[in-house]
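Notes follow the structure.
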């Protein structure tokens, strides 16, 4: 099974591509550090999206060329960025007012685990070491929609979509949708609702890889992404 | 007595002059609407004072000449002002952060009544009509020193320095010093402490015009102001 | 993205009866007179209005009150040179007043915009205005709990604005405007000058466009103080 | 009034053992490297430091930690490309950590500067970081109570400054700097450029001088990122 999964599953780039298809024109979006940042690369043509970074920029653009970095112009991942026309700067309290105050249309995060009630665990493996939280606990509150991009299972093959998170929580009941390497799953009142899946996997197989019931509610659409 | 009082007492301008003598060089000061505003006129030579107005200016200057008013450049009393060099603008939340956050060195207010424990009543006569508070309740909190300029007694001759305020309170235990038409009185742990008085009035007479005990603590200095 | 529209009546057309409307300004400075007059033309009733004051004379907020559009006012200082519009109706029991200390009003609005449901402040402790509010001690000092304020709409006035809704303000006309822009579901702005996106220095933007929904340019806007000195009345009385 | 001084060592000379010190910056952007290095030269111990991070490499905050000056760190993200200075001491139990969500950290500092002793936020509700904190429901949703943060000193970095202490910032180097300026008893600023009073447009001032106590000009300041790429260590190791 593991080997077959590795063959059929979407790459991170493909998951990011799929998530990018749902970016609304005119949306204000915060992409979490790392994997979620990739979504901007696949922003569909003809849609204007304004990216927020919690360290104090609205309307930043792609990385500059190597050697052209300005280290006062960075994103939350401390990577150098550029400015798009119409950008603005503000301090951290104003920046998190945008987050907490419900002004962002979308926040996209990575996950260790997402529970069927929308709980998210993405900041601590609970294993000791140095804990670090950054803006994760803030970002799960306030954005009109909070979604996750993730592999469907852990490296060991354990479900990341679970009945209850076993790792330390980032937020309670905060996730609306999950884009995985195998499926697109919404979180609604009844729990996980399967919206899209790869053609190469059956609902039963998907259920076996998921730690809580996958509800069906109308059509299950085809999850498909170009080779990237 | 009333007639004699009217002859010896300081005018509002003279009270303002006396209060102005205590303006420290380099101080950030908020002068309440009306009578307290007059203090700026008597700012001693050689001292630099930066005036804050709660509607969002630090470093404003005197009124412009008639006809040269800009109605976007006004103080809390909605009077047109000018800008001194080094002034800045900010919104109301930042302005009251300066007030409440303890950043002002001095706030000067008018009063209906001040109690011996530092309670102030200066916003409502308690008589009905339309109540209005403005920034008074904010200004009594946060400034390093909060002082009052006032006539020593009401128009009817009743004490304004009282054992307990009978009018609706602006703030509790918030006043440090009172500059009156007859005396300068500090408020300390034991209550009213007489610091200065006019030469023409005895301590006993002053006590008779004051609604709570005037404590003596060391020298009583001469209260004197130039003719204005 | 283009949040600018040409018609000021379209800008306020969706404001319905019973809405809560924040209106920027401190006295006349920063008051969006043209937006208020457009709202008077539209005529929604039973509004809750949040403003520092209660209007002056017979224009702007005072005129809205005269048109019986306001059922409740949340403000800090309902007095002015000519407060009759409000005073008459308040004393007749026709308009409800929630009196809020000025700094608390500002902070409650900021909290509404920042996702802070409540905060503690020393302001008002021990006074009539704290009656019924929860109290708590921190480090031996007493404070009262104040709730955030939000609104369905904010009508605000800015100096420069662009199609993204980025705004600057003019001097002390800034006052409540940037705070109200954050705290309303829909923020409608009249700007003295509409400029192309990218023309305002990103360091100089006071209100980032994320807080703004609609921008309408009103060149040479009217100033409440000037209108009142000229004894103007809105709408003009036709005899 | 002239808050500017020439000597960076005089600027930090009064910071004593046991002080609480806020240090501006998000990673290297806006970090007052020269002020931090001057503080290392002064050498106070047992400091509580408030910063978003825990340093990177062997300069700035990381170097302060290596010099065993920090007994407690209040931060949101104590990881970096090279976090060894902090990590080693944290895992050895030599430095205490108070981990705070980034937005809560910013809001607690603002509250400290604004005279707000505590506020409610949804951030962290139901997580380990809310343990022991009072909870309260507003409009059916749960929130936790967070206390304000203040400090004895703030070390911050700005772009332009004048003798009144008025400040502007450079791009995303703004971050925590204006907030920390408000929340400290004494705020010490390094500016890239000291200009005459009156030269900064009053509309463009981000931090009004009332929040600032001392300004020192450091032209062409060092950037943490560049120092780390060049493998710099402070103080320089002499062999």
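Letters A, B, C and D mark the chains as written, and numbering starts fresh at 1 in each.
Rule of thumb we're sticking to: a contact is a pair of C-beta atoms (placed from the backbone, for glycine too) under 8 Å apart; a residue touches a chain by one contact, two chains touch by 3 or more.
Just so we're clear, the structure is a prediction, and the values are computed from it rather than from any experiment.
Chemist: Sort out for me whether A-C or A-D is joined by the greater number of C-beta contact pairs.
Modeler: A-D
Chemist: How many angstrom lie between the CA centroids of subunit B and subunit C, rounded to a whole number?
Modeler: The computed centroid separation for subunit B versus subunit C comes out at 30 Å.
Chemist: Can you check how far apart subunit C and subunit D are, centre to centre, with Cα atoms defining each centre and the answer in Å?
Modeler: 35
Chemist: Which residues belonging to subunit A are in contact with no fewer than two other chains?
Modeler: 89-90, 93, 96, 99-100, 141-142
Chemist: If you look at subunit D, which of its residues touch at least two other chains?
Modeler: As it turns out, subunit D has residues touching two or more other chains at 107, 110, 114-116, 121-122, 169-171, 202-203.
Chemist: Okay, what are all the chain pairs that touch?
Modeler: Contact pairs between chains: A-C, A-D, B-C, B-D, C-D.
Chemist: For a test of understanding, state which residues of subunit C touch subunit A in their complex under the given definition.
Modeler: Against subunit A, the touching part of subunit C is residues 1, 110, 112-116, 162-164, 166, 182, 197-198, 202-203, 205, 208-211.
Chemist: In the complex of these two chains, what residues of subunit D are touching subunit A?
Modeler: For subunit D paired with subunit A, touching residues are 26-30, 52, 54, 76-80, 83, 86-87, 90-91, 97, 99-107, 109-110, 121-129, 169-179, 206, 223-226.
Chemist: Which residues, counting only subunit B, touch subunit D once they are in their complex?
Modeler: Interface residues on the subunit B side: 25-26, 28, 48, 50, 52, 58-59, 83, 85-90, 93-94, 96-104, 141-142.
Chemist: Report the residues of subunit A in contact with subunit D in the complex, numbered from low to high.
Modeler: Touching subunit D from subunit A are residues 53-57, 69-74, 78, 89-93, 95-96, 99-100, 119, 124, 129-138, 141-142, 168-172.
Chemist: Can you tell me which positions in subunit C touch subunit D when the two form their complex?
Modeler: These residues of subunit C touch subunit D: 107, 111, 114-122, 136, 138-139, 141, 143, 147, 168-171, 202-204.
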